[in-house]
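The next part holds the structures, each set out as C-alpha cells.
Note that chain A is present in both complexes that follow, paired respectively with chain B and with chain C.
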Partner chain A sequence: MNKSGKTKFNLGSFLRRSSVPIMFIIICAFCIPLSGLSPSYLINEIVTRMGRNAFLILSLLIPIMAGMGLNFGMTLGAMAGEIGLILASDWQIIGIPGMILAMILSIPISILLGLFCGKILNMAKGREMITSYIMAFFINGVYLFVVLYMMGSVIPIKHNNIKLPRGYGIRNTVSLLSMRQKLDNLIPLTINGVKIPVATFIVIAVLCLFIMWFRRTKLGQDMRAVGQDMEVARDAGINVERTRIISIIMSTILAGIGMIIYLQNMGNIATYSSHSQIGMFCIAALLVGGASVDKASIGNVFLGVILFHLMFIVAPKAGAAITGDSMIGEYFRVFVSYAVITIALIMYETSKRKQKKMGGEALRQAQLEEEKK
Partner chain B sequence: MKSKRKLLFRLIALLLIIGIAAWMFVIGRGHTIYFDNKPLEANGETYSSPYQIQVLVDGESVCKLKEGDRGMATTMGQDFEMILAITQEKDAKKQGVKVSLKLPYNMDGIIINLPALLGGASEDVYRSEFIQTVVEEDDEQAPTGSDEFEMPMGDE
Partner chain C sequence: MNTDKKEKGRLGRFVESFGLPRLIIAAFLLLLLILAPIVGADLPTQITNIIARFSWNGILVLAMVPMVHSGCGLNFGLPLGIISGLLGATLSIEFGFTGPISFVMAILIATPFALVFGCGYGWLLNKIKGGEMMIATYVGFSSVSLMCMMWLILPYKSPNMVWGLSGKGLRTTISLEGYYIDALAKILRIKIGNLEIPTGTLLFFALLALAIWAFLHTKTGTAMTAVGSNPTFARAAGINVDKIRLLSVVMSTWLAAVGILVYEQGFGFVQLYMAPFYMALPAVSAILIGGASVNKASIMNVIIGTILFQGIVTMTPTVMNNIVHMDVSEVIRIIASQGMILYALTRRTEGSK
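Our next item is the complex of A and B:
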C-alpha cells in the first residue's frame, strides 16, 4: 500500500491471479482464426450463451462470499427448477406465466434441499466442496426416484406426452416448446444481425444489483465475516451456522431459477441429464473468469461466460481444422473444463498452505524477538 | 412485538407468492384450438361450410381452411379473439368477422366448428373437446439423452 492508501500494482501477483483467464485468452486467440467462424456468428452465440448461463453462474457467488467455496450443490437447485418446469408443463401453463409458476414451485423445493445441504455442509466444515459434490450425486438418486417412479403414480401427471408409456415416470425429453425463448424474445432487439435477449439481460442485471445490494446488508456483511474467519465471526456474535445455511439456501434458490431460464432458452428438458453437468460447467466458467475458491465477483462471471463459451464454440472447429477430427476439439474442451477446476483447487490449496506457513513464520519471529528481550 | 411483525411480513410474502402462482394459473393456461371448416348437422340443422376461411389471431394468419380442412393455433388464457376472413364461393369477396370466445379452463384441446359458429349454433354444438388418442409405444429407456454440456466420456 502506498501513502494515499491505494494498493500498489504488482505485475507478478496480477499475472498469478489472472493466469487462467490469460491462458484462455491465448487459447481463444489461437483457435478463433483456425475455426473459420465469422465474428457475427461468434458474437451471436456468446450473447445467447450469456443470457442462458449468467444467472446460473451468479448463483455461485453467495456461498463463495460466505467462505463455503464453489457450490457443487447448485445441481440441487437445478433439479428443483426442472421439477417446477415438469409440473408447469403438465398443467399446461405456458409462456412467461409458466416460467414464473415453475420458479415459484421450485422455490420451496430449493429451500428444503438447500437447508439439508447447508446442514450437512456445516458438519463438514473445511470440506464443503467435495461434500457438496457428492451430495449432488446423492440427491440425484432421490430426484430419479421422484421423477422416474413417483411422478405419474403418486404425483399426478396427466399428459401422455410427458409420461412414459408404462404409465408412470417422466420421459427422457420434455418439450418446452410453449415456453421456448419466451423470456429471450419478450423484448425483441436485433443489432447488426445480433439477437439480444433484452428481458433475460434485465433479469440478470436485477440479480447483479441484488448481489451488490446484498453485500452491503447486515446479512451480507455477516457472510463476508464468516467467509474471512469463522471463529472471529462467532466471537463477534454472528450465528455462523445459520449464516452458512442461508447462503446455501439462497444459492440453491437462484440456481433453480437460473435453470428455468437456461431451459427456456434450450426449449426442452433432458429430464435425466440436464442438471448433471451444470454445476461443473458453471464452476469452470466462473474459474475461467478469474475467480478463485475464496474470491469471486460479478465481473468474473461475465468474463468467464465469454471466454469459456468462446472456447466451447471454437474448439471443435479448431480441432477439426488441425487434426481433421472434430472429436479432438470436443475432448479438448472437456479436458480444459476439468483442468481449470483442478488448477484452481491446487492454486487455492497452495496459497492456503503458503499463508499458513507465513503465519507460522511470523509467529516464530515474534517468539524469537520476545526471547531476545 | 418485533417477532410478531416479522411473522406478519413473512405471512404477507407467502400469501403474495401464492397469489401470484394462482394468477399465473389463470392467465397462463394454454389451449390448443383446432378450427374445422367442415359441414355439420346438429339438432336438425345443417351448417354448410364456405369455400375458404382464413383465421387470423393477433393480426397474424394462422391457417387458411378450404372445405373439410382443419387448422390449429395455441393460445394462452380463457379469452380468445380471432378474425375470420370468409370467402363464401371461389373468386368471391372476403368478408371479415371478429369472433370472441370464452374457453373452458379444463380443456387442453378445443375443436371449434367454424360453419356452426358462424351459423349461430349454441356452444355445445360448435365446440367439442379434442381428445388425443393414446398410441401404444415401447417403453423407452429413461435415463439417457444429452444436452450441449454432455461429456463424451460422461459416466465412465
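Our next item is the complex of A and C:
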C-alpha cells in the first residue's frame, strides 16, 4: 500500500505516524511526578502488566496483517477462555495443568466462534471493524445465555462455590485461587525488588517468535497479500475468504489463551464483565504503541503496553493531586483510551483517502504524459 | 440486488422484502402478546408500557433518519447529541426554571450545543467518508467519557443536582420531580381503565416525524437522498455533497438532543456519566428492526421498529418470567438487537463503499 514510504526517511511523516506514542510520552512525563509514585513501584507494576496483557494484545496482530483492521472480536476468544477456566476450576484441576486444560477446552470453542465471526466478516467486507465490534456484543448475549442459564442446568457444574445459590448459572466472580499466578511464579526471579514473571515472558516470547515465523510461511504471505489488495490476491490464486477466516480463527484462539494468562494473573474471573472491556483496552494499548489500523508490529505491542499502562497507573493519582478528586483521574484514563482509538481511526481513514487521491492523481499524470507522446 | 428472484413464490418474495429476522421478531412479539393474558399478565398494562416506551424512544430512533439518508450510515455517534440534550437539561435546571417551562428551556439551551457539536461531528465525518460508523461509535464514546469529567468539574450549584456532601459535581441521576417530569405526557392524557396513552408525547413525536418527512420532500431533502444513494451522481448534478452531509449530521444531533429530553420527561430522571454510553445501540437496532438498512430509512421504519423493539423489551421480562421462571429477557434482548445490527451490516448495499 505504502510504496513511497520506504524510499526515504521523512521526518514529517515519521512524526505524524508516531504522534500518538509521543503524545503519551508527554502525558506520562507530566503525570508521573504529580502522582508521587516511586519508580520501583511503577517498574514492578509495568512488568506485571506486561506479562498480563502482552499475549492478548499480540493476538490482534494477525487480523491486521490480513487487512481486517482491529479485531474487536477478540472478545470472542476471551469468552472462550473464560468458559475453559470455569470448567477447569469446577473439575478442580489446579495449577499449571488446570491452565493447560482450560486452554485445550477453549481452543475448540474459539475455533467455532472464530469461524462464525470470519464468515460474517466476509459478508461485511469494508466494514469489518464495526461488524466485529457488534459481533462482540452479539456473542456476549450467547455467552450470557450459556453461562447464566445452561451451566448447572444442562452443562454439569459440580461445585456449589462457583454456582449461583438458585442452582444454575455461575456466580459473578469465580475464584481462581488454585491457579493464581501459577505461571508467573513458575520460575521465580526477583531483581532489585522487581518481580519478573519469567515463565509468562517465555510464553510471550514463544508467541512473538511464532508470529515472526508465521509471517514468512506461505499462509502468512497470503495473508499479507490479501491485506494489501484483495482483488490482486484473488487473481494470484489465493482463496481470499478462506485466508481471512483463518486469520480470525487464529486471532480468536490466541485471544482465548491470552485471556487465560491474563486471568491467572488476576486470580479471579469477573464472569460477566472480565471480557467486556478487554478488547477496548488491548486495542487502545496497541494503538498507543504506534500501530495503525493496517500496520502493527511486535514492537508496537510492547511499547504500547508500557505507555498505556503507565498512563493507567499514574492518571488517577495525578488527577487526584491536581483536582483533589480521584474520580476525575479515573474518567480521564477512560477518556484517553477512547480518544486514542478515535484519533487512530481518524488518521487511518484520512490517510487512506489521501492515498486514494494520490493514486488517482498519479494515474492522471501518467495519462497526461501518455498523451504528450 | 438479488439475482435469484425468479423461482420464488409470493411468500418467499414477501419474506425477502420484509427480511427474515424482522419477520421472526414480529412473530415473536405477536406470540408474546397472545401469551400475555394466558400467563396472567395484564394486557392493558403491557400495552400502556409499550406505548409509553415508544413515546420515550421514538425521537431517539428518528434521529437516525437524516444521517442514513445522506449516506453517513447508522448514527452510532448518537451519544454526542444526547450530551447536548443533557447539557440543556442540567443548565435549564441550574438556571432555576421549573415545571413545563424547564422542558422548553432545556430544548432551547440544548439547541446551540447540538448545532456546534453537530457541525464539528459532521465536519469530521466528511473527512473520513467510508469509515463513518466505526469512528462515529468512538466519537460517541470519547465525548461521553470527556463529559464524565466535565460533570464533575463544571461549576453547577443547584442543590437538587449536585452531591449533597461535597456540594459540587453532578449526581449520577437527577430526579425531575418539580421540573419537567411528564411535561409532554400530561397533555391530553387519555385514561381508560388500565390503559393510559401519553397523547402529548405521541403528538410531539408525530410533529417531529412529520417535519422530517416534509423536509425529506423539499428540494434540500431530495438532495440529501440523492447524496445518500449515489454521491458521484449527486456531485455531478451540482449538489454540494459535503454541505448536505453536514446538514444531515447536525439534524441527527439535534434530534438526539431533543430525543433524550423527551425520554427523560417520560422516565422522570436525568441520567448522567456513563448512562448515554450504550444508548446508540438500542436506537440503531430499533430502526433496523423496523426495516431500514444501512443506507435506507423511512419514518415508517422508525415507527414500526420502535414499537417492535420496545414491545419485546417490555413484554419478554413479564411473559418469559411467568413461563419458564427465569429471566432470559436480557439475553433475548441482546441477541435480538445485536443480531439485527449484524444482519444489516452484512447486507450488501449500493452506494456505500
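Following the convention adopted for this analysis, the second predicted complex is superposed on the first by the 363 of 373 C-alpha atoms of A that agree within 3 Å, B and C clash if a C-alpha of one lies under 4 Å from a C-alpha of the other, contacts with A are read in each partner's own complex, and residues count from 1 in each chain.
FYI, a contact is a pair of C-beta atoms (placed from the backbone, for glycine too) under 8 Å apart; a residue touches a chain by one contact, two chains touch by 3 or more.
All of these numbers come straight from a predicted model, not from anything done at the bench.
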Which superposed partner A:I260 touches (first chain B, second chain C, both, neither): neither
Which superposed partner A:A233 touches (first chain B, second chain C, both, neither): neither
Chain B versus chain C as contact partner of A:L148, first or second or both or neither: both
First (chain B), second (chain C), both or neither touched by A:I134: second
Which of chain B and chain C A:S274 touches, first, second, both or neither: first
Partner chain in contact with A:I120 - chain B first, chain C second, else both or neither: second
Partner chain(s) touched by A:P165 [first = chain B, second = chain C, both, neither]: first
Partner chain(s) touched by A:Y331 [first = chain B, second = chain C, both, neither]: both
Which of chain B and chain C A:L60 touches, first, second, both or neither: neither
Overlapping contact positions on chain A, where the chain C interface meets the chain B interface: 144, 148, 327, 331, 334
Of chain C, residues touching chain A in the complex: 76, 124, 127-131, 133-135, 137-139, 141-142, 145-146, 148-149, 152-153, 169, 281, 326, 328, 330-331, 334-335, 338-339, 341-342, 345-346, 352-353
Complex contacts: residues of chain B adjacent to chain A: 17, 20-21, 23-25, 27-31, 74, 76, 108, 132, 134, 136-153
Of all residues in chain A, those that touch chain B in their complex: 91-98, 100-101, 104-105, 107, 144, 148, 159-160, 164-166, 169-173, 178, 266, 270-274, 277-278, 281, 327, 330-331, 334
Chain A to chain C touching residues, read off their complex: 120, 123-124, 126-127, 129-131, 133-135, 137-138, 140-142, 144-145, 148-149, 323, 325, 327-328, 331-332, 334-335, 338-339, 341-342, 345-346, 348-350, 352-353
